[in-house]
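Structure, as C-alpha cells:
By letter and in written order, the chains are A, B, C, D and E; residue numbering begins at 1 in each of them.
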Amino acid sequence: PARALAADGAPAGTLTYGNAEPPTSNYWDPAAGFGLVDEQVASLVHDTLLAFDDAGKVQPSVATAWELKSPTTVALTLRSDVKFHDGKPVTAEDIKATIDRLGEGKLAQSMVVVPGIKVNIASPTSIEVVSPQPFGVILNALAFIKILPKANIDNPDNFKKGALGSGPYKFVSYSGNDVVLEANPDHWAGAPKIKTVTFRYIEDAQARINALLSGQVDILTRVSSEDLARVEGNDTFIVNRQSPPAQIVAIYQHNGPLGDVKLRQAVAHAINREAIAKSLMRGANSVGFSSLPTNSPFYTPLEPKFEYDLEKAKALLAESSHAGGVTLRMSTSTLVPNQIEIDQVIAASLQQIGINVEVERLEVGAFRSSYNTYDINLNTLAIFNNDPDFVLGFYVGGTGEAVFHFKDAKYEELHAAQRAATPDKRAEAVTAAASYLWENQVTLYLSDEVWHFIVNKRVHDYVRAPLVGENLLAKVSVAS
Amino acid sequence: MEPVLSVENLSVRFPGRAGDITVVDDLSFSLEAGRSLVIAGESGSGKSMACQTLLGIAPGSARVTATRIGWRGRDLQKLSQEDWRGVRGAEIAMIFQDPTAALNPLITVEHQIVDAVRAHRRCSRDEARARAVEVLGMAGFPDAAQRMKSYPSELSGGLRQRVAIALALANAPSLIIADEATTNLDVSIQAQIVKLLRELQKKLGMALIFVTHDLGLAAEIGDDLLVMYAGHAVEYGPARGVLADPCHPYTRGLLRSAPTLKSSRDNPLVPIPGQPPQPGSIGGGAPFRSRCPVSVAGVCETARPGWSEAGPGHLVACHRFAQDGRRGLP
Amino acid sequence: MGSFIIRRVAQSLIIVVLIAVTVFLVLRLSAGDPARIRAPVFARPDVIEQYRRDFGIDRPLIEQLGSFFLNALRGDLGQSFRFQAPVTDLILQALPKTLMLAGVSLALSLAVAIVLGSLAALRPRSFWGWLSSAVAAFGQSAPVFWTGAVLVLVFAVGLRWLPSGGYNGLSSLVLPAIAVTLSILPTQLRVLRASMQAVLKEDYIRTARAFGLRERRITFVYALKNACLPLLTVIGVDIGYLLGGVIVAEVVFAFPGIGELALVALNARDYPLIQGITIVTASFFVIVNLLIDLLYTRVDPRIRLERS
Amino acid sequence: MNAAVSTSAGVLEARNIVKTFSVRREGRTREVRAVNDVSVAVAPGEIVGLVGESGCGKTTLSRIMIGIEQPTQGEVRYGGKPVADRADWAALRRSVQYVFQDPFTALCPTMRIGKALAEPLAIHGLCAPSERDGKVARMLEMVGLHPDVARRMPNQLSGGQRQRVNLARALMVEPKILICDEIVSGLDVSVQAQVLQLLLDLKQRLDLSLIFISHDLRVIRYLCDRVLVMYLGEIVEQGETASVFDNPRHDYTRTLLAAIPDHSRALAAMADNA
Amino acid sequence: MAAPATLPTQGGPGLIQRLRVNVALGAGVVLLVIMVLAAVAAPLLASSGPTEVDLMAVRLPPSPQHWFGTDAVGRDLLSRVLYGGRVSLLIAGVGMIGSLTLGTLMGMLAAFGNRFVRPAVDRVIEIQLAFPYVLLAIAVTSAVRPSTPVLILLMVLAAWAAAARVVRAIALQERGKDYVKAAEVLGASRLRIAMLHVFPSVLPSLVVLAAMQMAAMIVFEATLSFLGMGVQPPTPSWGGIMLDGKNYITSAWWVASLPGLAIVVTSLALVLIGDGLQARTEAMRAREGDR
C-alpha cells in the first residue's frame, strides 16, 4: 500500500517540537535512552512488533498477528515488507537480536522485560518470544521495544552515526539543539503526512514559551503551569493532556545518608506535598499516596499517608543515625516543570527540621548524566508501557543500582511476584510491591505529573498514545 | 604719536575661598607702534595674566576689569566673541613660554600654521602653505618646505620656538606678545631668538611686548621697561633709564641680587630677604613693604603708593621715593 | 618599527599560549572525568571506556596537550560534548553575532562618551555635566542583567516595541546593545571627560585660541584628537569588560552568541567548548590590544613605538 | 682630557667616564654618548663649577659620581680608592651628598619635613631616636628656616624654602662634598641670591667642597673657584674661574659668554651707541 | 623666616564644585551605611527567614505585609534582599580587601622588584587583564562548585590586576621622581622607599579604588549569581534572587526588578563615595602641585 500514495499525498510541511531537554546520549541506541527526546526520536525512527493506539490498546504493527501460547510464550507473525532506512530488509534475526539483548540486562530499557527473555525463530515470518518466568505484560513490552538492525547491535559503534530503524521517519541530523527527522516515503504503512519533524531543545523557559508564541515552535512539551497561563484564552493553541502516567519523585541515593530509612521518612513528613501541588503546580497535578501514579492501573491509596507533620519529622530524624543533622547534596535543573522552585521548597522544608541541603544548578544535559552522583534529585518516573511494571522495575537490578544505588532482596522478590502474577492476582501483587516502596519511602513521591503539551492549531489531528514517544504522529498533518 | 595699545587700570581677580584674589592690580601702560616693551618681574607677579587679558584668553574664572584697553581706537573689552576672534592672531599674536606645550603634539607644524592662516584669510590650502613656508623662513626655520611636515616632537627646542614665532607672524600682526619666549632655551639659542625678534620687529614695524624675569634680557630687547611685583607695576620707563638708575627698592634689590658677568665673591650679592608674597596676601598698602629695607613706617602699611616721576617718562611707585627721593633708597 | 611589531606580536602569542595552557590544565585537572560526566547514567564500563577514547582522554596529559595544540593550529579546537559538533564551527557560528553586538555597543558607547564627555568637559556646570555624571554613576552601578530586565519590562513587555529576546534581525540588537552600552560607557565617559578637561587646559589649546581659531574647530580637531588618546587605551582594557557585558546581555536576551554558548557550555560542563571559547575570546582580547597598541603609535607621533 | 690625578684623602674623582645610553627610535636602537671620556676631581674646600648647554651631559656625569647611574666606562674614586661595590657606595654616600634640581619633586609629597630630615639619621642609625628632633631643628636653623617648618608638608613651602630643606637633608649625614645639580635654576632671582649666599656660608662653616652645576655662567662666575665647560659630552675647557671667563680659549666658551644677557654690558653698549 | 600662614587657595575646585563633591560623598556614605546596617540587622528587620517558604503566599505583589512582594515559592522578598545583602556585601567586601592587598603587592613588585621580577609580574598582570572576567568565572566555576570562599577568590582573581595596574602606574611615576632618587642617595633601601615614600602616594588612589572596586564587585557577584555561577540556592544573594525571578519577568515583575534596586543602590553609593574621594584626591594633588 506504500506505493498507493499519489503525488498529492506526498509528505509535506514541517513540525517543530519545543522540548525542555536534549537527548540523553551520544549513541542513538533506543535501548540505552530513557528520556523524553530519546523516546520521541526512537518512536518515529523505529518500528515495534506491536503498537499502542491513542486509548492505550495494543494493535498489530510489524507483527500482523499474535497468540499468547502460555504465560511465558507469545507467537507472532511478521510482515515481510519491512525495510530499514538503509534499504536492508527487517528480518527475524534482527528482531531476535533486539529482544535477546534486552534480556541480557544492563541496558537502561532492560527493565521493561524479564531478564533472560529470548526469541525463537520458527520461520522468516514467524517467531516466538519466550520469557523464563511468567510475564503478564509481555504484549505491552513488545509494543514498546524498538526494532534495531542486528548489524548495529553487533557493532555498537554504529549507534554513534545516528539512529537507524525502519520506522515512518528517518534520522537526518542532530546539532546539539535540534534533532531533525524526515519522512520515510517507503514505510510499509504508507508515507507519513508531515515531511520534516524537528525536536528542538530550548533550555530557557522564557525562550521556550516565546518560541511557541512567535510560531517558531509548534508543540511545546511538558509545559509548566506558568506556560499554560500564558496561552489561556489564546485560540491559536490547544492544550493536549494525553500523557503516560507519570510521577514526580525526588530520587534518593541509598548509598549515602539517605540509605537510612528513618531519615527518608523524616523527609517525607517534612514536606508539604499538597501545598506544593496546589501552589507551584496550580493544582494541575494530583497527590498520590502510593509509589504509583494515581492514574496508573492498580493504584490504591496506602497507609500511612506520610502527611506533612514537622513534629513527626523531627522525631524520626532524632531516631535516625543523623540525629545531629546532616548535609545533603542536590542538583537542580529545568528538566521537570518548576523543578528549581520545587527544589528550593524541598531545601527550605528540610532546613526546618535541621537537614541542610547544598543545591547545585546544572543544565539539563549535564543534570541528566550526573544526578545519580548526588544525594537527592528531583526527577520523574513515567510509566512507559502503560503498566506499573515499568515504574516498579526501576528499583530492581542494574537500573535500581545505577539510579538509586538501591538493592533490596525483599523488593526484588515482590517485583518478580507481580510480574509473574496471573491477571486475577496482579492487583494484589502490584500493591504489595508498591507498599514496600512506599513504606520505606525509597524515593520522595511528590505528586503525579500531568503532561501538558501546548499545540499550535496549524497541527491537525494531533493525537498521542499514553506513552512518552510520538508513535502516532504519522497520522498528523500540518497546515502550510 | 598715538599709542596702538593703551591699557588703563587693568585688574585681574580670581575668586578664592576668602574673597577675590587680585593677581593684577590697577595696571596701566601704553605702547606705540614699532616699539617694544619689556614686562619684568618675579614668578607669579602677574605678567602672563596681564598679557593674556590683551588677547581675551585669560582663564574663564578670571575677572578682568579695566577703565579701557585701547587697541587701535577700539576698546578690547567691548568686543564681541566674533570680533575678538578677528583680533586674535591677526592683529595681536602671542608667543608662549613653553614651545613644547604650546604646539599641538598630534598635528603637524604645517597644518598648525595653515590653520592659523586660514582662520583669518579666505585662501586655498596651497596659498596658506606658501605663507607657512614664508613665515617659517622669516623665523629662521631651515628647510621649511620639507621639515614643516614634521610633528613638533620631532623638532629640537630651538626649532619649536621658531615654529611658535612663525605661527605668530602668520597673519602679520601689529603686536606680538612674547611671554617668556626664551626662558626654556639655552643661552646661545636664546641670544639668537632675541636677535631674531628684534630684527623682525624692526623690519615689519610691529610692536612687541616681551615678558621676562631676567633683567639682563630686558636691557637687550626693550625700549621701555615695566617692573611688576605681586601684581603691581612698581617702576615704569625707558629701559635704559630704569636699569641705569633704578628708583624702586625692589628694582634695586633685584639688580643687586642677580649676579652679572662682573660679579664675584669679593663683591657679594645682596639678596632680598623673604619670599615673594602669595598673591592676594598684599592687602592695601605698598606691595613690597614686607621685604623692603626702607619702608616708611605707618604709610607703607596703609596707602598704595602712587606714581612719582624719577626722570623723563620714568615713573616709580614708592612712598620712600616720593618722600625722600633717591637719597632714601638703599 | 618592524622589530617592534614582531616583538609585540610575539608577546601576544606567548600570552595566548599561556592562557590556553592554563585553561587546558585547570579544566583537565579539576573537572573530573568528562567520560563519566557525559556518559548516560546507565552506561556500562565499556561504554564509558568508549567515551573516554572518543574524547581522547585515555592518553597521557602531555600528549593530550600536545595534540590539542597541534589541532588548534589547524583550527580544530576539539569536539563539543553538548553539541557533538566541532567547537570551531560552533564558535564561528556564534562569533559574528557577538561581534556585531559588541561592535554596535562599542560604537554606541564611544559616540555617547565622545559627545557627552566633550560637552561635559566644556561646560562642567551645565546640564551636560550633570547628565554625564549621572550616566557614569548609574551605568557603573546597574548590572547589565538588571538594566536588561528593566529594558525588557518596559520596551518588550510594556510597550511591545521591541522583541524581548532571541535573534530576528537588527531589532533584536537594540535592547542588548543599550544594556551593554550602559555598562561600558562609564569608564569611557569618565576618561574622555577627564582627558578633555585636561587637554582644554593645555597650552596648545590656549595657543589655538590665541590664533583666532574657531571654538568648534578647537574643540573637535585640536582638543578631541588629543583627548581620545587615553580613550584608546581604555578601549583596550575595556574589551574584557565589553565581552563580559556582552555575555551577560546575551544570556538575558537569549541572544545566540558566544556568551550564551559559553553559559550553555558551562552549565552542560562541556569542557572542550568552554576551553575553546575561553581561548578564542582571550586571543581576541589580546589581538585587539595589539591592534590598539599599533594604532596608538600611528596616531601619536610622540610615541613612535617607544612604549615598553 | 685628564685631570691631574690626586690620591690625597677627601678627594672625589671621576676618571675617564664614558656613558652611553641606548635610545630606541623608529624601532632602531641607537647609542647616544652622553658623557665621553671625562675626568673630574674635587679637592677639599673647593667649589668646582660645571657649565654647558642643555643636554651636554652635566647631570649624567654628576649622577655617576654619586652612583645613581652606572658609567659605561671609567671609575669613580674616593680618597684615592676606586668605589666598586655596594658597600663602597654606601660609604661614599656618607661623605658625598647630592642636591636635586627641582625643589618641587625632590621632596616626598606625603612626608612631613621633620620626618624627611630625620630619615638619613634613621637609615644610618646616626643618633638615638630621641635626639633626632633636636638635630633636625638645628639643621633647619642652619639653613635659615624656622624649626616649626619641621611640622609642615612640602606643599606648604615655597620653592626657596624647599630648596633649603633639600640642602638641609643632604647635610644631615654631615657630608664633606656636596653635588648640586642646577639647584638655583628654578628659583626667582631674589631667592636665588639667598640660596647662593647660604651655600657660601655653609661651605665656610662646614668646610664643604662643592660641585656646582649650572647653565647660568653668571652664577658660576660668582660662586666657583674652578670651572669646567662641557660641550657634547666632553670637557672642552677648564681652569680657574676668572681666567676662563676673562680669557676663554675654546670657541664654544666664547660663544657662551657672548650669549649671556647682561644688563651691565647692554647698558654699556647702549651708552656707547648713544 | 616667615612662611605663608595659610595654604594657597586658588587652583582648587570652586565652592560649588566642592559642595557638590561633598553632597555626593555624603549621600554615598549615608546610603552605604543604610545598606550595611540593613544587612547586619537583617535578623531584626526581616519579617521571616530568608529561606522560609510560604506556599500559600506565592508571587504576591508588593503589599503592606510584603513590601517587596513574594517570590515563586512564597518567600518574602524583602527578607531575602536583607539577608542577601549579608552574602553580597561579605563577598564584595572581603573580595575588595583581598584584591587590593594582592594588587598593591603585585603593583609594588612590578615597580620595585628586581629586573627579573618586574617583567614577570608585568606579564602576569597583562595575562590576567586579558581574561574577560565572566569567562574567568565560567572557567573557575566549571571546575569547582561555587561557594562563598570560591566567589571571594573569583572577585580577587578578577580584580587584582586592575588594582595592580593602578598601583604600578603610580608607583612607577613616583619612582621616577627625584625624591625617590634622593632617598636612594641617602641610603634608603628599596623596601623602605616603597613603603615609606611611595606607598603613601599610592594610598589615596587605593582608597578611591577600594570604593570603585567594591561597587564593581557588588555588580560582579550579582552577575555571577544571576548566571547561576554564584552562591547556590536557596542561600539568597542579590543576583541569585533575580535569577529566581527571571522566568517570572512577564508575570511577576517585582521578583526580578526590586532586588536589583538593592544592587543598584549599594553600588551607586560606593560609586558616589569613590567619585567624591577621587575629586578630593585630585584637589589635594592640585594643591600639592601648587607652587
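Note that in this section a residue touches a chain if its C-beta (ideal position, glycine included) is under 8 Å from a C-beta of that chain, and two chains touch if they have at least 3 such contacts.
Quick caveat: nothing in here was measured; it's all calculated off a predicted structure.
Visitor: Taking each chain's centre as the mean of its Cα atoms, which chain lies farthest from subunit D?
Guide: A
Visitor: Tally the contacting C-beta pairs at the A-E interface and at the C-E interface, and name the larger one.
Guide: Spelling it out, more C-beta pairs touch across C-E than across the other pair.
Visitor: Compute the distance, rounded to whole Å, between the mean C-alpha positions of subunit C and subunit E.
Guide: The separation of the two C-alpha centroids amounts to 21 Å.
Visitor: Please work out the Cα centroid separation of subunit C and subunit D, and write it as a whole number of Å.
Guide: 52
Visitor: Counting in whole Å, what is the centre-to-centre distance of subunit A and subunit B, each centre being its mean C-alpha position?
Guide: Averaging C-alpha atoms per chain gives centres 95 Å apart.
Visitor: What's the distance between the Cα centroids of subunit B and subunit D, rounded to whole Å?
Guide: Chain centres of subunit B and subunit D, defined by C-alpha means, are spaced 32 Å apart.
Visitor: So which bits of subunit B are touching at least two other chains?
Guide: Those would be 43, 275.
Visitor: Can you tell me which residues of subunit D touch two or more of the remaining chains?
Guide: 158, 161
Visitor: Could you pull out the residues of subunit E that touch at least 2 other chains?
Guide: Subunit E, residues with two or more chain partners: 1, 3-4, 228, 246, 249-250, 291.
Visitor: Which stretch or stretches of subunit C touch subunit E in the complex?
Guide: 14-15, 18-19, 23, 26-27, 30-31, 124-125, 133, 136-138, 140-146, 149-150, 152-153, 157, 237, 239-241, 243-244, 247-248, 251, 259, 262-263, 265-267, 269, 271, 274, 277-278, 281-282, 285-286, 289
Visitor: Would you tell me which residues of subunit C are touching subunit B in their complex?
Guide: 202-204, 206-214, 217, 221-222, 225-226, 229, 299-302
Visitor: For a test of understanding, state which residues of subunit E touch subunit D in their complex under the given definition.
Guide: Where subunit E meets subunit D, its residues are 1, 3-4, 7, 177-179, 181-189, 192, 196-197, 200-201, 203, 287-291.
Visitor: Within the complex, which stretch of subunit B touches subunit C?
Guide: By the definition above, subunit B touches subunit C via 52, 55, 57, 85-90, 93-94, 96, 98, 101-107, 115-116, 119-120, 151, 153-154, 164, 167, 170-171.
Visitor: Would you mind writing out the residues of subunit C in touch with subunit A in their complex?
Guide: Touching subunit A from subunit C are residues 37-44, 47, 50-51, 54, 80, 82-85, 90, 164-166, 254, 264, 266-269.
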